[in-house]
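Before anything else, here is the set of structures, which you'll find just below.
Shared between the two complexes below is subunit A, which has subunit B as its partner in the first and subunit C in the second.
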Partner chain A sequence: MVLLCYCWFSDLLLSKAFLACRIEGQPEHLLCSLLLVIADIVSALLIRSTGQSLHKSYVQHLEALDLFKFSEESGMLPSGDIAALVYLWNPFTIVACVGLSTSPIENLAILLALYGACKGLVPLAAFGWVLATHMSLYPAILIIPIILFLGYGPDAPPRKLFLQRSYRKCGTSSSSDQYRKTEDVTDPLELRINFSWRRVMQFLLWTFIWGIYFLLLCDISVKQYGGLSEMFKRTYGFILTVKDLSPNIGVLWYFFAEVFNFFRDFFLIVFHVNILFMILPLAIRLKHRPGFLAFVYLAISSMFKSYPSIGDSALYLGVVALFVNELADMNFSFFLFCGYVGVSLLSPVMHNLWIWRGTGNANFYFATAMAYACLQIVLVVESVSAMLNHDRKLRKITTAQLADGKS
Partner chain B sequence: MVLRSRPIFSLLLLFLSSYGFSTAFASGSAIEGGEEDFSEELLLKPLPDRKVLAHFHFETRAPRTPSYGRHHHLFPKAIAQLVKKFHIQEMELSFTQGRWNYESWGGFEPIASSNAKPPGVELWAVFDVPPDDVDASWKNLTHSISGLFCASINFLESSTAYAAPKWSFRPDPGSLRYGTLPREAVCTENLTPWLKLLPCRDKAGISLLMDRPSIYRGFYHSQRLRLRSAKTSSDGTHSSIILEQTLTVVLHPDSQKMSTVNSREPTLQPSWSMSSLFGKKISGTCVLAKSSTVYLQLDWGVVRELKNLENGNQVLGVASIMEESFVSNPAFVLSDKPDKVIREVDSRSEESAILYEFSVRKHSDLGPFDLGFTWKTPVVWSCPQLPLRVSRFLMGSGNERGAIAISFRSARAREGLTHAKSMGESCKVDVNVFQVVPWYIKVYFHTMKVFVDGKPLAVSDIIEKIHVSPSEDKVSPGVLEMILKLPCTVDSAAFTLEFDKGFLHIDEYPPDANQGFDIPPAVITFPTFHVNMHFGEDNLSKKSAVLSRFQENIPVRSYTEVLLVPLTTPDFSMPYNVITITCTVFALYFGSLLNVLRRRVNEEERFLKSKGKRPSALSRLLSKLSAKLGGKRVVASQSSARSSSFISLKLILKIILVAGIAIAWQYFSE
Partner chain C sequence: MYARFCFFSLSRMATLWILLSLACWNSFAGASSSSSSEASMHTNNWAVLVCTSRFWFNYRHMANTLSLYRTVKRLGIPDERIILMLADDMACNSRNKYPAQVFNNENHRLNLYGDNVEVDYRGYEVTVENFFRVLTGRHETSVPRSKRLLSDEGSHILLYMTGHGGDEFLKFQDSEELQSHDLADAVKQMKEKRRFKELLIMVDTCQAATLFNQLHSPGVLAIGSSRKGENSYSHHLDSDVGVSVVDRFTFYTLAYFERVNMYDNASLSSLFSSYNPSLLMSTTYYRTDLYQRHLEQVPVTNFFGSVMETIYTDSPYRSPQRKDSHKGDIRMSSDQSIEDEKGKMPCEADVVDNGDLDAVQQGLLGYIWSDLHMKLESFGDGDTLVYYGMLMLAPFLAVSTWISL
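Right, the complex of A and B next:
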């Protein structure tokens, strides 16, 4: 059964499934769309339960830091439900599903990995990560958030606050009653502070197992077409060398259609390294928030992807809604909303003018793609900045509390 | 004196005789091995739509024997070298301008099947090399021919431009490569090198008629070069290379007289002569030619009409067109008396084509030979049609996707369908389709739909055999080969294929990108129909190259139209703008994100505080200087010295580190 399922997935990768669907006729077509709908619904459920566990840990951590008042003040929203609804009602998701794009399946794999990591289900996380990487290569960078998830647990305020807090708690606690109370709360704190290598090692082991398993199945299924090396060349090579120049929502197709052949390799390296360059700084700065880090990585990779689609945006817009409480103070959110609406209205118009009517120009469409890239950049930068500001605010409050407690 | 002169005379005699003997011997041996020979022929044929077809046929034959070495008497050296170097078994190159009108100029006849070529350049070659070397040979061949004929045939070198058909182009292709350049403009610069291959060029003989303005004024001209091997002796030990050069032109005779004729009556076909068609006359033969002959061919359609006329006029006792001695008949007048009248022998029908043969040698004795043909009565006839008329067209609009459709319409040909109909309901017409599609037309072969008489049918019902090799981006074109089996009673059939249009890099667009891209024509072959004319006298046809070609059993072949597919174009003037704008946006991303990550809480305040605590280096220096000048002791000397030494130590460490890295780098790079 797994093998069957897998074969189907690998077929998806080679985008044969659609051909099959189109050959066979109407019922197969319906089956295909049904599958995508199911994938989207499962994704939404995964987002919801991930969001719930993130929310729970967030509230728990705030309580641990005696910031419950703060959380009550701001009015905590059920972020899991909101994110699931945002994912399901996002026009991008609906369009990607109706357009029979494979992105719902890819999104499902990514969300499986994140869900598994968030809940501590190591084999599931490894399976999701391997599957997602196998299907679209870019989710490979999600290994860092997943490891942080497994090592530190779900998103939390910076560790320093807990260290300060526990230090102070230990120093000032006098009565046993109080001490017991703190011990109950410090349980997640302990987890916070200690990086659990055991689970990470488990994850790596499972990744290895799943990877070997996938490669074996691939090898069996593509043996007659030239083996694994040919498969890598035709799938990952195709992704990395941007061979297909048909217009998409990204900017790389036009860039590589226009760039001089002499510089092609240079720019290929530059654009792909641009994804990798930001991995480490972000990981260092946001290591206490692996879920948010995963969102940032997803947004960046959907920006620099060789063949981006709106299905990728649907995913990261769904994931960003998990952090509605933290990102409440984000700047430019109205501007971003208007921008997304504007681009999603203008882009099809420009595409139609250029491709179908012949009255427009490639530059018109490219301009919308450029605006879209700018919007994504603003979203990433502003959300990261808002998250860091949120952490700063928490720190300020805790230091003030500590100072109050001292005095 | 006498005594002395006799030995000299005898010596001379001896020399002469020995020379004569040796030449006789040489010629004898040459005949045995197959001598090089050359023949020139011209076939003229009035066409139903008031036009005239002129078909020049030059044939050079050389034995493929090593004894000749590199030397040839008549055979062009350039071609011989090509054959020798690239091991060409067979090759055909054609330069064509205009489209052969299969409906009014005929499709079911030898000239249409072998000389109607697609517009532009078509090249195919069969090599006698191991399969791995075929592509290399092809690439070299394209370059050589490109240089030889002043054409851009070297574009066929790229693997996206040629294909290796398995069975649809020729039944047993061997290592065949096939490529077309539909966009190639054909003009006199291609004709001149082609004429250079002839022994007399265009200086004498029939090629004298090739006046460039009149040839290129025509509706269609196709200049063809075909190389093939033939076994000269029955045991197959001696083979020879045959170089066949043909030029097929469809011309429109000038017809000033026509304006006076009443338009209500069926109009008289325009009369013509060689001088009116070409503006020149044949004023002598090429002395190197074995034979130089002019043929005038009348189709079976004309013959039937003339017979009807004859039957009406028989009372007047006019000479029949079949008689050799006639000069005039009720329908037309020939300016010269033909040497021979050759009649096609056709078992299947009463009427058959007639050929009048004129030997140029005989006719140009007295003066320049100018064959004239004058119609006396209006005659309307039609040409033998293809079993199925084939046309190809594009469907859909916009630049994202479309569909190619190939449609077949029954023409009810003279022979073939009517003949086949008698066989009953189960009879089938085989149609062989060979289509090469460039990679930027991404054909989805699974979308093939077949319609017979307007009704959709399952693909498997019609297609007997199919071979598809999908295109690979920038590597290979898509090739479709299939055999359709259509019922004989079919009126119309069509099949469609959907495609997506690709997007190219700006360097891959031709200079006039908005004109569109040409899809090479599909080659349609009817393997069960053969065009061949039989002539009664066997030895006669052996003499003539054209007639022997007519007698060969060639399957009926036709080419569809070239399709012009408009592709989306990027803005060609914008590469710099695109590069700079994109890079700016990405730099913006990188910079702003890094800035956000780097910024710390209250950083500015802390920076200001630290600034306030420690005076800047410049102010310290100034205070030091002023203190020295004032002769006072430096107050905070100790602390500043400590800090400065610490800083310098750090600096030195840094410098040493960098230097060490540099040295290591230098060391390892060497």
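Right, the complex of A and C next:
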């Protein structure tokens, strides 16, 4: 299986390089496209190993809950491999790479952060987070899943189940195995119950270090252009104030083209706070599943970003495939698949009709952008409800087992 | 009978006397009017430059008019006193290989269509009716001042027309004609309304001289590029642009004017004698019978340029003294040059003061930051430092990750 995967990887690398070669024959473009292809490959490898560690911890947690007989090893899909393949073979990823956009590098930074957080490599996670935030502003909200990863560990069923299990063990068995002295951080039970502040503090320290490093380098390099304040105004300020209203796959440009200047600031705040308001409730509800929380944050920020692109959707579609086992019962999956295919086919057509032929107008293109946003909303809602249903199912089974055990 | 004879002789003498006095009065009035027309001073110069043909293959007519426009501006007539009428747009024509550029020579040394070309009548606005409205000043009230010939009795007007023409007519826009008697009537109206002091009409078309056949107003000088039965030819074909770029008559006129600058005293007779019939392949014809002055005494800048006689006054309310005019010229020019120099001096001192304010406003953190910054910058060139920093990033990351494993 792994060998097959690597064959596919190399095949994809060759195909991407071929595509990139065909478009531009000059060496700089060749180097640039090679860099982006390498970024994509490394991202896929990172997704794969993140998926593997998530899968391993999932199996461990199910064992700890004595539910392992419930789901057999062969029935469970290798989510890491699948997610890596989904990411590599996603047409959106390929298009973003061939179009020489910087999305592959931003995705690499985000995945580096998630990988580091999942494996517990604090400097790596901090580096990835600082790099991703520096490149585009929105990955800053991923600090919450990363802190949850480092504090609690990878995705697991809700804490309550472990608490119930441990109380039951306390109640029925002898006291020998509950006073374990080893502070083994990979022991899921310990981690589920205690929140490791030490690692979070380390993470914050490393963030600070990497942040200073980056800011210093930026300051020196932009000295002649007006310094750091100018850089922030031009990068973060531009993202937040949405100065340029060129059409894109998002929904902000159409709205801000027609809003009155008096209300412009208000609506900017509304759009950006839309992302911020959803952070806290989701964090509260999904704190035991930081990986999935990261996916939901990525999807939400991709929806309400000021300048989204399909590179963002390439990322979250790759990350959602990490949870194929939990999201197996998701509703509307076929509808979403067809919707994505339809939007990705119609959107360039409508753009062409509007801009190049002049037989359509902005509404044609904006309709596809709105359909795309609706699809993303449906994806987020359905995947969150599927995940919560999965947790509910686990809880029902463990309480049934407990009831069985008791009685 | 003697009384009757006396009476008759007396009445005859009276009528004779009355007639004589009337005649004297008339002549006196006539003399005074003629002397008053001669007494009007030359105060300003105007130019009306008309290109009457459209279509791409008539590129040379546009280039003719623009060349003369450039010459006339160079010699001093400002845009406010030039009426430029172009019947088509060659610069932005889709067939123009050099967009927004019009050349009058195949060496392309001179772009006639620069940044400060003001076209007053363009495209389909160039019609015979509009042309006459410009000349006679009978516009509708909505026509803006830039499109009116606001000349007065002290004006010298240069009227240059180019296009396709023939026996006693000139073709406008491929659909109408300007006829010689119409032109003569318009000039007569102008004279009646005292819209010019002297008028130079210069026409570069085939059989141009026939256009002046009906002129009879005094103060009009006319020159045409060819006589009746002769054609005026283009000068050369520019194989790059694809059409002929200038006509011979205008080419040699420009060749003459390129040697002239604003302060030259070259006379009109030297201009008129500079035309060589064998080079022009046509005979220029100029009509001077309506023009009182001798051509050797008229400088070309009287029509083609704009050199004013300046009169220096001590205070604004005294009457101008004409005798001091020569001295006034020199004094005005020297005063102006001193004022120019004075004007340039104070501008340079303001720039220096802005840099010092920034240093005062930083707090403690800012001070630390800038200190760190300056230390780092002292290491060398900013760019290489950034490259080293980025290169150090990867090993630093690897080491830190390995440590935390």
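Rule of thumb we're sticking to: the second predicted complex is superposed on the first by the 367 of 407 C-alpha atoms of A that agree within 3 Å, B and C clash if a C-alpha of one lies under 4 Å from a C-alpha of the other, contacts with A are read in each partner's own complex, and residues count from 1 in each chain.
Going forward, a residue touches a chain if its C-beta (ideal position, glycine included) is under 8 Å from a C-beta of that chain, and two chains touch if they have at least 3 such contacts.
Keep in mind that what you see is a predicted model, and the values were worked out from it rather than measured.
J.: Quick one: on subunit A, after the overlay, do subunit B and subunit C clash, or do they fit? Just give me the call.
T.: Partners clash after overlay.
J.: Applying the document's definition of touching, compare subunit B and subunit C: which contacts more of subunit A?
T.: When the residues of subunit A touched by each partner are counted, B comes out ahead.
J.: Have a look at where A:Lys223 lands relative to subunit B and subunit C in the superposition and call it first, second, both or neither.
T.: second
J.: Quick check for you: in the superposed arrangement, does A:Ala140 touch first (subunit B), second (subunit C), both or neither?
T.: So A:Ala140 meets neither subunit B nor subunit C here.
J.: Touching A:Ile239 in the superposition: subunit B (first), subunit C (second), both, neither?
T.: In the superposition, A:Ile239 contacts neither subunit B nor subunit C.
J.: Between subunit B (first) and subunit C (second), which, if any, makes contact with A:Pro247: first, second, both or neither?
T.: It touches subunit B, and subunit C stays clear.
J.: Please work out whether A:Leu121 is in contact with subunit B alone, subunit C alone, both, or neither, and reply first, second, both or neither.
T.: second
J.: After the superposition on A, what does A:Ser385 contact: first (subunit B), second (subunit C), both or neither?
T.: first
J.: Answer with first, second, both or neither: which of subunit B and subunit C does A:Leu336 touch in the superposed model?
T.: A:Leu336 sits against neither subunit B nor subunit C.
J.: Indicate the residue numbers of subunit A shared between its subunit B interface and its subunit C interface, in ascending order.
T.: No residue sits in both footprints.
J.: Tell me, which parts of subunit B touch subunit A in their complex?
T.: It is residues 397-400, 444, 446-447, 473-474, 500, 502-507, 568-571, 574-575, 578-579, 581-582, 585-586, 588-590, 592-594, 596-597, 599, 601 of subunit B that touch subunit A.
J.: For the complex, give me every residue of subunit A touching subunit B.
T.: Where subunit A meets subunit B, its residues are 19, 22-23, 243-247, 251, 253-261, 271, 274, 277-278, 281-282, 285, 303, 354-358, 361-363, 366, 370, 373-374, 377, 380-381, 384-385, 388, 392, 395-396.
J.: Enumerate the contact residues on subunit A facing subunit C in the complex.
T.: Answer in residue numbers: 116, 121-124, 127, 202, 206, 213, 216-217, 219-221, 223-224.
J.: In the complex of these two chains, what residues of subunit C are touching subunit A?
T.: Within the complex, subunit C contacts subunit A at residues 372-373, 376-377, 382-383, 385-386, 389-390, 393, 397, 400-401, 403-405.
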